[in-house]
Structures are given as C-alpha cells and as structure tokens.
Amino acid sequence: MKLPRAWRQPLAITGGVIALAWFVIALSAPLLAPHDPLAQELPRLAPPGPGHWFGTDQLGRDILSRVMYGARLSIPLTLLLVAMSVLVGGLLGAISGYFGKWVDETIMRFADLVFAFPTVILAMVVAAALGASLANAVLAVLVVAWPAYARVTRGLVLGVRQREFVLSGRLLGFSAWRSLRVDVLPNVTGPILVLATLDIGTALLLLSGLSFLGLGAKPPSPEWGAMVASGVEVFDSWWVAAFPGLAILTVVLAFNFLGDTLRDALDPRTARAIKERAL
Amino acid sequence: MTLAISDLKVTLGGREILRGVDLELRAGQVHGLAGESGSGKTMTGLAVLGLLPHGARVSGRITLGERDLLAMTPRQLNAVRGGEVAMVFQDPATSLHPMLTIGRQLTEHMRHHMRLDRRQARARAADLLRQVRIPGAEEALGRYPHQFSGGMRQRIAIAVALACSPKVLIADEPTTALDVTVQAGILRLLRGLCDDLDLAVLLVTHDLGVMSAVADEVSVMRDGVVVETGPRAQVLRDPAHPYTRALLDSLPGETS
Amino acid sequence: MSIKRPPAPGDDPKAARREPGRRGARSPLARFLVRRVLTALLLAVGITLVTFVLTNLVPGDPVAANLGQRALGDPAIVAQWRTEHGLDKPLPEQYLLHLRGVVQGDLGTSQQSHRPVLDDLADSVPATLELAGAAILISIVVGVAFGVVAALRRDRFSDHLLRVLSLFGISVPTFWLALTAFYVLFYRLRIAPGSGRIDPGLTPPPHVTGLYTLDAALAGQWDVFSSAVGHLVTPALVLALYTIGLLTRFTRSAVLEVLGQDHVRAGRAKGLPPRVILFRYVLRPALVPVITVAGLAFGSLLSGTVLVEAIFAWPGVGQYAYKSATTLDLPAVMGVGLVVGGVYLVINLIVDVLYGVIDPRVRLS
C-alpha cells in the first residue's frame, strides 16, 4: 500500500477535511456550542435564526448545540464499535482459517446465519431483547457486524497459511498461537484496515437507525438518530430533523470518501477479495 | 501485394513504440514476423485492425488494395475487421468468449458481415470446423470453449477468423500458449489454409524455429522497427543484420 | 424432464464435462438443488433457534412488555398470562413446541394482535415484497446503467460525478431521507401522494398476489392501479438510493475488468457492431458479479424497509417486525425471522439459477 500519493486526491482530501472537522467539533463541543444541549431555555420550535442558527426543538433546546454534542456520542461509539467488530470478527476468522475442520465449519455457519438476516431486523431484535439503551444498540450492531471481518480474515489467513514460512514455523515447533501472531497477523492488517474504514459509515448508519427506532439513545441525549426521530413528530418544523440528519450524512460521507480512496490504493486482487467476502 | 504497411509509427503515453515499420504481405504467402518480446510485433498487428490501446497516436500508411486503413472512419474500419482482415490471438483460452457457444461465435460476424441467415451461417460454420479438423463438427457447434482442449480451441479461433473469407490473416503467436505437441499441427494447418485459400498471412512469433518451418518471407523486428526483411532462406541462412545473427545463434540446436 | 435422482457419493463431478450439451446439465442440477434444500432446512432451524435463544435468554421480559403496570402487580394475572403463552414450560420444551408448530404451518399467535402470526404475515409480506421488489428493479436498472457509463467514460467527468453520487447514495441515512422526501415531495410540493399503499378513498383491489399494483392491473381497476403506483414510487426510490450507489460501484469495476479481457478485443477484431460488443461481450460477463451483489443488496433493502415503512405508514413486514421486536412478541418475531430467512434463501436460489443462465461453465460443471 502506497498511501501518500493515493491520498493526494480531491475525494480523499474532502473526506479527510470533513472527518477532521467533526473530530474537532467532538473534542471541543463544550467550547464551541452556544448553549447547553439539554437546557430548555429558548423559545420552542423557533426556525433557524440569530442566536440559534439551526433552530430549536419542541422543548426549546438549541439544535446546533445538540448536534455538536451529538458528535461526542456518535463518533467515539462508532469507532469503538468498528474496533470491536474488527477484534471479534478478526479473531474468529483467524481461528476459523487457521484451525480449519469443525472449528471452521461451526464459526462460518454461524456467520452465514447472521448474514441471512437483514442487519437492521436482527440488530433490532437484539437491541429490543437487551433493552433499549445506547450501549445495547452498540452490542446489537456488533452482533451483525463481525461476520464480514471473520470472512475476510479467514480468507486471507487461508491464503497466508498455504505459504511455506508458516508451515516451516509449525515444523520448528512454534505454537499455533505464535505463528498466528507472527506470521499471519502482519499480512492481514492492511486489508482489514480498509474494510474497517469503509465500515465506519455503515456502522454509524445502523447505530443511528436503531436510535431512530427508539432502540438506542434515551430521550434527553442529543444522539443524532434520536433527534431525527423527534423531528418526525413535528415534521412541519423541518429543521428539527434536517440538521442531525445532515450531521450523520456528512460523517458517513467523509469516511466513505476515505475508504473508497483507500480501496483504490490497495492492490486490485486484495481489493476484490475484500469486496467478494464482505458484501 | 495485398497489404502494405509503410512508415507506421505509434506513440503511447509519450513513448514511441513503433518507429516506422515497413511490411508487405502477399496473397498465398506466409510472412513471418520475428523479434524479441516487447519489440512491437503485437502492436503492429493491432494497428492494422485499429485496435490499439486507448490514447495511442498513429501515423504512416496501411494500405489494403487501394484503401488506406488508417484514413478510414470507424464504421468503414469495422466492415474491414473480421471481413477482409482477421486476427488470431495468442491465448485461445481467453480470446474466445467463455459464455457463447462455438456455433454462435462462428456465425455472429458472418451474419453481420455477409448477411447470411441462420441456416446458411450454421452450415458454413460446420464446414469451417471440418476445414480446421475439429471432429464432430455438428455437435461441436453447440458446445462451449471450456469443453475443448487448448489446441482445439486455437483451431476454433482460426475457424472464427476465416469465417468471412478474409484476404489477410494476422496470427499473433498462435502457438505460444499451446502444448509443444500440438504446435506443429496448428502451424501446418495455417500453412495449408494459406495455400488453399490464397490468404496473406502475417505470422507473428518470437520463435525463429517456428518461422523456419512455415514462412515464405521473414521480417525481424527490434525496438519498434523492422531491421531485416527477405525470403526465408536468405534471412535465416545468411542474415545481413547482426541482431538477426544474434537471434539465430541463440536458437538451441539449430544449425543453418 | 426425467426424474431427478439424488447424487450418490460415487458420482464423478467431472462426468458432465465429458458428456457435454444439454444432457450433462441434469445431474449437477439435481445435486445442486438437493444441496440447496438441505442448506435451507438447516438455516431455517438455525433461524428459529437463534430468534428463540435471543428472545428468551436475554433480560427483556415479554410479560413486562405486554401487560400494564396494574396487571403486573397481580401475580395471578401474570401467571395466567404466562400459562396462556406457554411461558411456564422449560425452555427446550418451549422451543420444540414452537418447532413442531412451524412444521405444521402454525407459527403461533401474536401476543400483540391476538391473531395467528401466519395471518399477520400474509397481510404484511406482500406489501413489503411490492416495495422491496420495486426498489430492487429500480436499483438494478439505474445502478447497472450508471456503472456502465462510469466504466466506459473512465476518469472522465461523468465517471467522477457518478463516483461522488454513488458514494452519496450509500452515505445517506435512509430514515432521514424518507422523512425529507415525505416533507418535500408530499408536504411542501404536493407532487407525491401521502402515506399508505393507496389513496384513502379507494378500496384495495381484489386479493390475488397481494401486490396492489399487480392485483389492480389484473382486475382492470386503473384508478386503483395509478394510485398504487403513485404511492409506491417515492418510498421505493428512497429505499433504492443505497442499492443504486452500491450497484453503480460494483458494475463499474466489473465492467472495467471485463473490458480488459482478451475476448473483448477478439470480438472487436471480428468487426461486430459496438452495441453487440457492449451487451454480449462486456455486459454479459460483467453481470455475474453484479448479480451476486444485487442479491445481497436485496437483503439491505429488507433492512431499509423497517426504517422507510415507519415514515410512509406502509403496512409491511418492517413495521410488523418493529412492533413485535419492541414488545418482545416472541411468536411474531420468530415468524418474521422465518419469513426473512426464507426470502434470503429464495433470493440465493434465484442468484444461483441466474449464474447458470448467464455462464455455461457454472451450468455444465
């Protein structure tokens, strides 16, 4: 992967700038936000104007401030979620590919089962069963997100395993765990990283979708999906739903711009392997 | 003279790949084009058919009878391709359409160029398969390329090229991708077809052994130019250019 | 057609290759179907098990979700409710009871609607199939067209534009887009009809397939038909946007890959018209990977229906799944799981058959 040159592209730069802007907003929301995101101190349902540039919601809260604080919830949670998917899926996939036989069968059939369900429906059932909360929504998305990584990692491990150095390592008496760590892991990190970048957007869409359905963040919390849901009740006042929705859109778009560039930069064969297994 | 290439220059991505190629093909003769890999043999063949990669810039003349192929509109050129000038590619495993029956691949351009109806085209297709010695021609029409061996596929590709009775056949390394055991058969077939059908054949190869077996005339290319041309016996026995001599010397077990 | 026999272990998988033509296609097809049905059964059992485990071994309590605060305080009412719904039996027994019911075509009674789950599903599934079907059709037509244009104009302006557009397509939150479309097209511009499947004043067409557009056309009720189409267009487009983006990207790379293949150059060398080269030599081979993605995209469409149906008040499986999941209506949730898993299997089967139709190498080996 030769990143530096591949990154010098309008798409990647746009994505990087937007993502960076959101990181800054998330980090410094208390400094940037004009109001307390929970304070009901403004006129209700006021359209965008001076003092409240994104308008106010039905409880008189400033939407701009809520959107800014929302970044502190959605962005770290999404990153955490993807990191956990990578860990869980990657580990299961590596085990599956490395040990093969019934271990492989069991794990991969389980992955198939998860794949057979539309993600939102499965995540919805899991979230509902666990009880509505943002943490449980994250767990629910994790349940549907790991198989993609398991498949990709398994395929890559299978490829690496065939190569001689792994075999010779095992002949020399290295433990299976050691050869997995030393020989296999370094070879699969690149493609997994690309997949993870592309997945950040999907994860945020799913997470905010669950909150939109009332299965994630609880009411006063300025989570974007939940804010869009509250806008449904007063859809006359378009700004209540429009701005949090745009927030989701821009974050997802930024990471998709980055991921797409990253995929192009990757050599075509790996890129295709990722595509075929992950989607 | 059937096809004459003169001062053909091709530039691709700022690099001059062909630097003034001259070649002449005559009906009923096999013209061998030799040269190391990367010398521009394939590009010369593709230039004749107007199939150079995107962004290629071409100059010079390629005359077929009285007409200059390089001056033709895309539509006119399309009528020449497959009709008067046909091409056989290096690897029959990839150059035949994997999802169409042999019959379809033999007839589709016949029906387009020669305006044959289904039945006529099919009858001719079966004749062609017999001509290139495919056993069970009628049944073979309903089969797919993956059901044939490499040598058989190349025979089929030759039949496809011959379908519209071309005057010129360009065969780009037609035996390179094949087993050694079937190479001689393909070459003999080409030679026979050239004689029977009065074809002008351009046989591209980097193998001088192949050349000495079938060619009437031989040209040797290097770095995008033809360095030597002449009758086979003269070029192979008494090469004028040092490069040709070097090529000949590198042939294993070949003594004059 | 002769009787299909199941494959014996000793069958030579290469037999079809040696025995070419139509005759060779049968035994692999039989094998293929048997394998498919077995997978389907296994998956169906897996689905019931997973939904069952999920809905039982987790903290959520269906009693709390279904009974009011007052009733929850009365142990007698709670106990009676549990007995009524078979919740007093041990879990494995509950599962086996459920499984036996499924085999007999009894999916249990919804705790919410107090109707057989099968009846609820019979009402809601066609609505969703109509919506998702329209969306996948739109996605395939538009996505493949965009992808082909992008590939043929590679690195030109239209390629870059389509790349950005398709990335937008996969980045827009569906639920927000649904809301925005509803607000703009219906509430503001009044060019789209409101929610539901047809205008409130009309009666639904006589039930044949459950798809209002098709049923109305079959009955010749053109006013109902046009109303049904009108109501279908906006939610279907909203739903399709994501899959259009997906299919555009995949079609582009598939076409680019085929364009570089030898047989395309060979086809050009035959002097075939550009139209023939495009459809027969480029698009047909490119469709193989595209179809895989289209099948998978259908899954994501079903996901989208949960979010879109809520906004457009579309009485489909998405809304039903949502209601039953949030109330922990176990029979209903499992019923949805079965239906959705079944749809997945059918889609997979269609994709596999299409492979065979497009590529003889799949059919004959």
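Labels A, B and C are assigned to the chains in the order they are written; within every chain, residues are numbered from 1.
As a convention for this text, a residue touches a chain if its C-beta (ideal position, glycine included) is under 8 Å from a C-beta of that chain, and two chains touch if they have at least 3 such contacts.
In UniProt terms the chains read A = Cytochrome c550; B = ABC transporter domain-containing protein; C = Peptide ABC transporter permease.
This structure is a prediction, so every number in the text was calculated from the model and none was measured.
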Category of the chain touch graph - line, ring, star, complete, other: line
Central chain of the complex, centres being mean CA coordinates: C
Distance from the mean Cα position of chain C to that of chain A, given in whole angstrom: 23
Chain A and chain B, separation of their C-alpha mean positions in angstrom: 54
Between chain B and chain C, centroid-to-centroid distance (C-alpha), Å: 50
Residues of chain B whose C-beta touches two or more other chains: none
Residues on chain C engaged by chain A in the complex (per definition of touch): 42-43, 46-47, 50-51, 54-55, 58-60, 163-164, 167-168, 170-177, 179-180, 182-183, 187, 246, 249-250, 253, 289, 292-293, 296, 299-304, 306-307, 310-311, 318, 321-322, 325-326, 328, 333, 336-337, 340-341, 344-345
In the complex with chain C, residue positions of chain B that touch it: 49, 51, 78-83, 86-87, 89, 91, 94-101, 108-109, 112-113, 139, 142-144, 146-147, 157, 160, 164
Contacting residues of chain A [partner chain C, same complex]: 11, 109, 112-113, 115-121, 124-131, 201, 205, 208-209, 212-215, 225, 228-229, 231-232, 235-236, 238, 241-242, 244-245, 248-249, 252-253, 256-257, 260, 275-276, 279
Residue ranges of chain C in contact with chain B within the complex: 17, 20-21, 261-263, 265-273, 276, 280-281, 284-285, 358-361, 364-365
